[in-house]
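The following pair of complexes shares a single chain, chain A, combined with chain B in the former and chain C in the latter.
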Partner chain A sequence: MKKGTLIRAIAAALALVAAPASADAHLINTTLGDFYGGVLHPLSGPEDVVPWFALAVLASIQDSRNARWLLFVFPISLVGGALLSVVAPALSISPAWNLAVIVVTGLAVAAAAKLPFPVFVGLGTLIALLHGYHNGQAMTQDTDRLLFICGVAAVGYVFVTLITALAISFLQGGMEWRLIALRASGSWVAAVGVIMIGLQLRTSAM
Partner chain B sequence: MIGAARNVFAGVPALLLTLLAFLGSHFNSAGTASAHEASMAVMTLREMAPGRYFTQWTMPPTEQSYHPIFPEHCVWNAPDLNCGEKGLVGQLSFTGLGSKQSAAMIRVIAKEGPVHAYTVSAANPVVTLARDPGHDLNAWLDLASTYINLGIDHILRGIDHLLFVLGLIWLVRGPWMLVRTITAFTIAHSLSLAAATFGWVGVPEQPLNAAIALSIVFLGVEIVKLQRGQIGLTARYPWFVAFMFGLLHGLGFATALTTIGIPSAVLPMALLFFNVGVEIGQLLFVLLVLALMWAHRTTQSMLPQWAAALPAYAIGSVASFWFLSRI
Partner chain C sequence: MKIASLKASLALATIFALMPLAPAFAHTGTGTSAGLLSGFMHPITGVDHLVAMVAVGLWGAQLGNPAIWILPIAFPLVMAIGGLFGVSGFDLPFTEIMIAISGIALGLAVAMNIRPPLWVAALLVSVFAVFHGYAHGRELPEAADPLAFGVGFVVATGLLHLCGIVIGVLTRWPAGAQLVRASGAAIGAIGGYFLLSAMGLVA
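Up next, the complex of A and B:
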């Protein structure tokens, strides 16, 4: 930029700024509240966080292709599940599905199972669809659905990505106890799932 | 670590970028019409007699269900509020905050003495009313908590600002340069935020909004240039560009404070706390992006080469859309 042009540009900018007027900008008036509502909703209880954790740890045990695809498929399937809750809100999905998935994923981690690509990605997709649907059901008439669903997908993506990377990084130490520690966490997840199934059965019986 | 940020980033938070861009276009279409709505509902309480107040919405809430919950000993038969001999002290909260409006303010105009303002937000749902916040530690803590939360709230809702910060992280090479760039941006927007809040400078809304959008378009172009092997102004002097555009973004931040009518007595501290909140929010966002970059490197998940320029074009397209809709 030539010196003269620069001086003129600065002078014009100063002239614009020198006349006080209301400084009124930034998208504060948007309803991003529902985006953060979507972000926080899955984090408000263990039923989402526990299987996501197990799935991410399971991804760290698989080969890198499986982990990569999970990071791509998981948030998209969450969106798919949440959209399904909008289109078909009355689907009767038994809570037993969610609980069974927790147990299965936990056991897979405990066994350090190396799953075939379609099975692993299918498991990730199933979990995300179930949880997307479950979280989508929390939306009300007043909820901005787009923002809420984006929030759910965003938190799912961030959570699974970070936990997978942390677990991979943890395993890269090479010592055998590290894998044992991860497998132990899987058995805890499975135990949590079994306890939740027990509670569910007890509630249904009462 | 961040030295390779450009390469890593080309494949990394593509989802984040796409999400921000997508949300951005949604906000713009949803938010244009309401661009002049108050960011807070404001109720003024004018003391008519000791302990008795006349209440009035000076900035009405967007939802009819919003209403204040006064201390238990106060009786509110709108517009009259009677707090008896005890006076207007105790805890104040609001119903319905957080869905459409995130904050509400009560301005108390005493028969004698200064005007006091109390802000209640979804993040800080209860404040303690005191006769003289100037000498009450709890009142000052309430003020700090309220405005820090408001600052965090404001930055996390400012999708255009977050998109600009994301663009900066993408362009910058090396951890120290990133620190310098973010610091320059912080200093700049703090300066202009203060100047605008105190009324020393001001820019009409439309050109300011458009210029903020244009700053993001500029970054999008710079990113594409960098991917083509051309070293642009931002890649060469990111801190300078961050500083110059930071001045613009700071003027935008001022909206949150200038629209709620904070009494001049607490304005400097409110501004300080608000800015602290903005910085906390910005730091959280930067750390999140860096963590995601690290995670994608660790999991070896990158965008394919053919899609590397996609996020830059997404940024540029959304920002161009904002620019055109704001002029």
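Up next, the complex of A and C:
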């Protein structure tokens, strides 16, 4: 790299880093606070991230038709679930449902199962509806529901798309151990789900 | 000279500018992060768990395909059943002794390069997995975030298997194979120490 180019590149980097920007401690003032609230809510714990990860890895094992449909169905179902939480906020959905889908999805990955199209899309829809509803319940009266739900759908779409793309790219190396590594991650997810079902049963019994 | 000095100053300034200023958290030991960390550290800080998990990976690598992938995939699933026992408060006897024996048995299997039929290896590893899972499961209800604790200890267990498998790659070379067998002997000896400890014979 020429000296002049290097200096210009460093100057540009410095200008970018030092660019003055206001620090918004309270994002509500930017009118986008609830959008970021929706984005961050599913990422603040493993309840959503773990099954989303497993679903995305499962999508990478399926044929391309299944994977493409998931990217379409998943965010829409998240929105559907979140809207359902607005319309019917007091539905009694057992936590066992969430845990059961974790186990099923993890086992499907561990077995590298190629699921029929309706079963795979149905599983993705069920997970998204459950998680959309669960995340939607976090909205309060002051929350801008449109922004929050858009945030949840956006992060769900981006997360599943990125992990699916990464997993497909990882598998394209063609070596057998790559699929084994993904299958092992599925067994981890299923194991977590089984243990949590046990904890749920214990909590229910107490 | 001047240009070189300017470039060095600019590079230094860039590095300082890019350094993230992390906020200081007064209370970090709560919630998801604490649950995840404590779960992750549980198999790693317990040497009896650690050596047995590494031995599973080593043995899988020694046995080759398909054991190299069946054992690490089966282990977490069976371990989860042990975890169920632990979470439910079921009293599984001889847990510490069986965990120590798992170190001895798996270490010896690696040291002596024992090659049983796959189902025997899977059964042996599965029996031990129940006891390891039980020990982790007993801790889970007390965790700050039980789900995060579960994720932590399952991931740590899997990564320890991976460590064993990676070390087991050495079996491709004669000297490496000897080193792997020596590692197995060391694991067996550590298991022996924990067995004596569990029986109250050493402090």
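Heads up, the rule we're going with is that the second predicted complex is superposed on the first by the 176 of 206 C-alpha atoms of A that agree within 3 Å, B and C clash if a C-alpha of one lies under 4 Å from a C-alpha of the other, contacts with A are read in each partner's own complex, and residues count from 1 in each chain.
The criterion applied here is as follows: a contact is a pair of C-beta atoms (placed from the backbone, for glycine too) under 8 Å apart; a residue touches a chain by one contact, two chains touch by 3 or more.
None of these values were measured; they are calculated from a predicted model.
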{"item": "First (chain B), second (chain C), both or neither touched by A:Ala96", "value": "neither"}
{"item": "Contacts of A:Val192 with chain B and chain C, given as first, second, both or neither", "value": "second"}
{"item": "If touched residues of chain A are counted for chain B and for chain C, the larger one", "value": "B"}
{"item": "First (chain B), second (chain C), both or neither touched by A:Leu162", "value": "first"}
{"item": "First, second, both or neither for A:Gly45, with chain B first and chain C second", "value": "second"}
{"item": "Partner chain in contact with A:Tyr36 - chain B first, chain C second, else both or neither", "value": "first"}
{"item": "First, second, both or neither for A:Ile180, with chain B first and chain C second", "value": "second"}
{"item": "Touched partner set for A:Leu147, first chain B, second chain C, both or neither", "value": "first"}
{"item": "Chain A residues contacted in one complex by chain B, in the other by chain C", "value": "17-18"}
{"item": "List of chain C residues in touch with chain A within their complex", "value": "3, 6-7, 10-11, 13-14, 17-18, 32, 36, 68-69, 72-77, 79-81, 83-84, 87-89, 133, 137, 140-141, 145-148, 150-151, 154-155, 158, 161"}
{"item": "Touching residues on chain A, where the partner in the complex is chain B", "value": "16-33, 35-36, 59, 64, 67-68, 71-72, 75, 142, 144, 146-147, 150, 153-154, 157-158, 161-162, 164-166, 168-169"}
{"item": "Touching residues (chain side chain A, partner chain C) in the complex", "value": "3, 6-7, 10-11, 13-14, 17-18, 44-47, 50, 110, 177, 180, 183-185, 187-188, 190-199, 201-202"}
{"item": "Touch list for chain B against partner chain A, complex", "value": "15-16, 19, 22-23, 26-28, 30-31, 34-37, 39, 98-100, 102, 122, 154, 156-161, 196, 199-205, 207-209, 212, 249, 251-256, 258-259, 288, 291-292, 294-296, 298-301"}
